[in-house]
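Several structures are given next for inspection.
Look for subunit A in each of the two complexes below; its partner is subunit B in the first and subunit C in the second.
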Partner chain A sequence: MTTFPVALAHDLPPGRVQRAFAGGRDLVLWRSASGRAMAWDNRCPHRGMRLSHGFVRGERLACLYHGWQYGTEAACAHIPAHPDLAPPATIRAAAYDLAEAGGVIWVADEGYADPPDMPLAVMPLRSLTFRCDLATLAWACGLEPAPLLFLPEHPSLVIAPNPLGPDRTEAHVLTAPLHAADRIAAIHQTEALRRLAEEAAG
Partner chain B sequence: MTPTLYTHVLDAECYKVRLLAALLGLPLDCVAVDSYPGEETRSEAFLALAPAGTLPVLEAGGLVLCGAPAILTWLAATGDVTEGWMPQDPAPRAQMQMWLGFSQRLSATAGAARLEAMFDMPAPEGALAAAEACLRELELHLAIRAVDDGAWLVGDHPCIADIACFADVALCPDAGLLHDEFPFLRHWLYRLRALPGFLPMPGIHPLHELRAG
Partner chain C sequence: MSREHALDDWYPVADTVLPQIRATRLLDTDLSVAWDGETASVTGPDGTAYPAEIRFDHVWTCLGPAPRPLFGIEEADQPGRRRVPCGGVRVRCSPLRAVENFLDIAHFPYVHTGILGAEPHTEVFPYEVKIREEVDEVWATKVSFYQPQAAKSAGGATDIRYEYRVPHPMAAVLYKTCPPRPSEWDVIAIFVQPVSETVCIAWPWMALFDDTSSQAELVQFQQEIFLQDRSILENQIPAGLPLDPRMEIPTRADLTSVAYRRWLKRRGALYGALTEAE
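This part shows the complex of A and B:
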């Protein structure tokens, strides 16, 4: 059981849906109109369509293909072709536990999400994907792989890395509260780190 | 007099023109040209109109304009009463021009990779990697713009360069380049799709979220 950082919370506003990855699982990540975030298998139980192509209607996620709607408990709530049918309780999306901590959305591939302790005063900066493995990303930071990478040469920067494979690692980057010019400098630092890591990875 | 646009439904360059016209509420007489698979753009009649043999072409009175950047410029100059789509001050005007130039890099890379994936039209060597570099560049620009709450490429209103870049970015999943790892691009695409009068095309959906449930 592992807990993965899958997105910055502010990149998923209410009513939005996106794709995410946790430990080899392909997920749909969405947030209801009232603000509840959810992570499910990225597969509609009806015809297997990626739910990340779907759209949010209030407290439900609708599949783009045939419009089947799933509520926040992951059970099918509405089938447009059979509007009078109460969908059987067995029709459900496969849901994973999710926690929001330190401005990051964390998802457990099984069991309960258990995010690492996050600094209190952090602001989301950006998420970017490195074309390298986690070890190379950590090396570029001057560190060993860890759930949180506090950059020794850039003390305000912390990275929550999400390993997607041998050639892909997401970096969810946060900073201490900074002035605009320093935030822009921090964005450029993330670009430089990625160049360094990707050159090392060849 | 309503301008005539020679267009193809799956062509990203033509879509840029139709999208801006829709957002500005300007009518166009659209003439479908069977550029693919019919190669109608190689016909004598079409080449007499547009010697390059490419879409889109706009005809208004005696004026003939070829290519999305020129047509977008003309539509905004003649049809945009708000003047928001084409900034007049020198600095934003030049920045808009810079991103119009960038849109042509996108078209030559992401656009070409899409045409190869969809229609087997050979793309230049390395088009996909170059397209990805373009997406990273645009993502970086939008990330920096967001520090000061900038939502668009230039200034506080979308300009014709936003439209020119939007089409190829929105359609690049057709070439296997996904938006998953570009959150600022995704937000910018979403904002554009949320504009009143937005026009979808095959591969670019309207926002279902905005309709009444």
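This part shows the complex of A and C:
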């Protein structure tokens, strides 16, 4: 059981649906109108459609294919083809535990999400994908792989890395509170890190 | 095994709209198809000549030793009908998923919004499905649905009646209320060319009573609908069509799909299918 950082919380406003990955699992990540974030298997149990193409209606996620709606507990709540039918409780999306900590959304591939202790007073900067493995990304930072990478040469930057495979790693980057000009410099630093890591990966 | 069964069916490999030489692939075999406006030939990579038959404005071929007869569509030759081959659309999905989607009406309000369906008219009313044993075909009858713009020739919203017919594992025919001629059916078919188990080319074809729309408008209408379907078909997981009832959950609206899956299994038509839960 591992907990993965899948997105920056501010990139998932209410009503948004997107695809995410946690330890090889293909997930739909969405946030209801009232602000609850959810991570489920990216597959509608009805006909296998990726739920990440779906849309949010209030506190429910609807599948794009036939409009089946799932509530925040992942149970099917409405089947439009049979509007008067109460869907059987057995129709559910497979849900994963999710926690929001330090501006990052964390998802466990099984069991409970257990995010690392987050530094206080961090702000989200950006998410970007490195075309290399986690070890190479950490090497470019001058570090060993860890759930949080505190950059020795750039003390205001923290990276939460999410390994997606041998040639892809997501980096969710946080900073100390910075002035606008310093934020832009921090963005350039993340680009430089990515170039360094990707060159090393060949 | 599954490919072996599939080899003895006929499949479309080109349309006959214009003379052409076309490199394509069928059941994982590369083919060269030539159509000169009068005759067609189909050749394999080693020079093998396969049979070529012209039917429904397409070139059909069969790679196997014992071809099963190719089905007919009576309306194809009925005077007054316009026959409209709509061109091929390549889709990264199982050929069987493409056919199943063609048999589905519950998706109209969500995938073909404002054309073939619209909320709040989402209910699928009870209809009848059976396997007609004498012809070994799946039929769905007494299907009806509310449609904002059922056809190019339909002025506005109509309650449309449908019948569906599956005469071939990779082809389906839809008979649909014909807005300008209430006593006749419009005929819309999908002929699917299985490129591999997870890639296919869908060749939609129509035989309609429509004296006002141009051929280009009719093709465009059908292509727009099919491109909307493609965005679904390429995002279904798994890519193959699951025949194990534990893998996906149908409802009453899916009776045609349930019968189609059973019919495929019974027939042994498993190319593009998954038979066991993953």
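By our rule, the second predicted complex is superposed on the first by the 202 of 202 C-alpha atoms of A that agree within 3 Å, B and C clash if a C-alpha of one lies under 4 Å from a C-alpha of the other, contacts with A are read in each partner's own complex, and residues count from 1 in each chain.
By our rule, a contact is a pair of C-beta atoms (placed from the backbone, for glycine too) under 8 Å apart; a residue touches a chain by one contact, two chains touch by 3 or more.
This is a predicted model, so every value here is computed, not measured.
Within the superposed three-chain model, A:8 lies in touch with subunit B and out of touch with subunit C [touch as defined at top].
With both structures placed on the common chain, the touch criterion links A:19 to subunit B but leaves subunit C unconnected. Contacts of A:180 after superposition: subunit B is touched, whereas subunit C is not reached. In the superposition on chain A, A:42 makes contact with subunit C only, while subunit B stays out of contact range. By the document's definition of touching, of the two partners only subunit C reaches A:83; subunit B does not. Within subunit A, the residues touching subunit B in one complex and subunit C in the other are 64. Contact residues on subunit A toward subunit C in their complex (touch as defined above): 26, 42-43, 45-50, 53, 64-67, 79-83, 85, 90-91.
Remark: subunit B residues 139-140, 143-144, 147-148, 178, 180-181, 183-184, 186-187, 190, 205, 207-209, 213 touch subunit A in the complex. Those residues of subunit C that touch subunit A in the shared complex are 104, 106-107, 109-111, 119, 122-124, 231-232, 235-238, 242, 248-253. The touching residues of subunit A, when paired with subunit B in their complex, are 7-8, 11, 15-16, 18-20, 55-58, 62, 64, 126-129, 170, 180, 183-184, 187, 191.
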